[in-house]
Amino acid sequence: MFLARVEGNVTATRKHPSFEGWRLVICQPISGKGEPEGSPQIAIDAHGAGLHQRVVISSDGAAARKAVGDDKSPVRWLVVGIVD
Amino acid sequence: MFLARVEGNVTATRKHPSFEGWRLVICQPISGKGEPEGSPQIAIDAHGAGLHQRVVISSDGAAARKAVGDDKSPVRWLVVGIVD
Amino acid sequence: MFLARVEGNVTATRKHPSFEGWRLVICQPISGKGEPEGSPQIAIDAHGAGLHQRVVISSDGAAARKAVGDDKSPVRWLVVGIVD
Amino acid sequence: MFLARVEGNVTATRKHPSFEGWRLVICQPISGKGEPEGSPQIAIDAHGAGLHQRVVISSDGAAARKAVGDDKSPVRWLVVGIVD
Amino acid sequence: MFLARVEGNVTATRKHPSFEGWRLVICQPISGKGEPEGSPQIAIDAHGAGLHQRVVISSDGAAARKAVGDDKSPVRWLVVGIVD
């Protein structure tokens, strides 16, 4: 699980059908001081994270597949919390 | 899941039989601004991503094995969407 | 599993319900000499690790889900020991 | 899955018994242009990859365990194809 | 699986009970030429690897849990061979 900052959205017309209707956010992992660390991850977001907000993301494929309601979906990362 | 840019193809005559007939693309993870980040990944592609196109890739082994139709395949990364 | 130093806490009001009541700590992986290495991870902590303490963290999703008592939780990293 | 270049072999007398009889190759991940990227991985090889050859490696534990014929083996990376 | 050099031990009084009685070694991944690469990992060791010895480590959670005899253990990395 990473602390990350939302950097934007990704829109894709051609995609796996399980992603239909989900917001895909670009999440830049950051340190406790807010400095970027490592590569950005694409995550699905059900919490309504805004641009530049800090979030916690997790790479739990099983939980992400449950979220989109398709147990064969290739989804893996999801936003699990929005930092206060 | 990473945002990535397609950098080319890989062709391999000697390979695991489950890769037969699949296009293997070299995907360079990138930031929201398009800068390369981290190591390229090899992914299978069923969406027809073109050279230099931006894609979202996922490391879901189960979904990738389902895609190639071989539940013992060592495949892991797949293109899950093409960015508009 | 990484050797890490606790860098702080994360508080999130909007979050996955399985995180309710758990302490989320920012863990900076370190080398044997104490130098930072790689990106910080967010982990749940049941051992009461203090700020700047050295801990061992693990990315075992199954064990973390068992810890929070929710087998659908997207939790992944947990503190598994506090270094003497 | 990574594109990688074979950098050498590893020989180990004391090891997990499931590795017995398998060639362990040091695989340096590379970019599409052949530049080294990230840390080398140790993989088992059944395709007969030669020194400095380019290969595709995958971290599929289930497929690797099937390859060595021991479903409790700690093996994880394997060579899945040799680049033409 | 990484080629790594043993850099030391970790001792922890407060820890997950499944780690009781196991040696935890700090393993610095290295290249084929012996240069450090990436972040150190903490692994359990049943092969008796000495300080500065080169080992192969694997992140197989299932195999590691089997090794410690607790199928709920959060252990993940283990030494699978000592390089000659």
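The chains carry the letters A, B, C, D and E, assigned in the order they are written, with residues numbered from 1 in each.
One rule holds for everything that comes next: a residue touches a chain if its C-beta (ideal position, glycine included) is under 8 Å from a C-beta of that chain, and two chains touch if they have at least 3 such contacts.
On a predicted model such as this, the values are computed, not experimentally measured, just so you know.
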item	value
Partner chains that subunit A and subunit C have in common	none
Copies subunit C and subunit E touch via same or different residues, half shared test	different
Rounded Å distance, subunit D centre to subunit E centre (Cα mean)	19
Geometric centre distance via CA averages, subunit D-subunit A, whole Å	31
Sites on subunit D at which at least two other chains make contact	38
Graph class of chain-chain contacts, one of line, ring, star, complete, other	ring
Starting from subunit A, with subunit B taken as the next chain, the full ring order	A, B, D, E, C
Of subunit D, residues touching subunit B in the complex	1-3, 29, 31-32, 37-38, 47-48, 56, 58-60, 62-64, 66, 78, 80-84
Complex contacts: residues of subunit A adjacent to subunit B	7-8, 10-16, 19, 24, 26, 28, 38-43, 61, 72-77
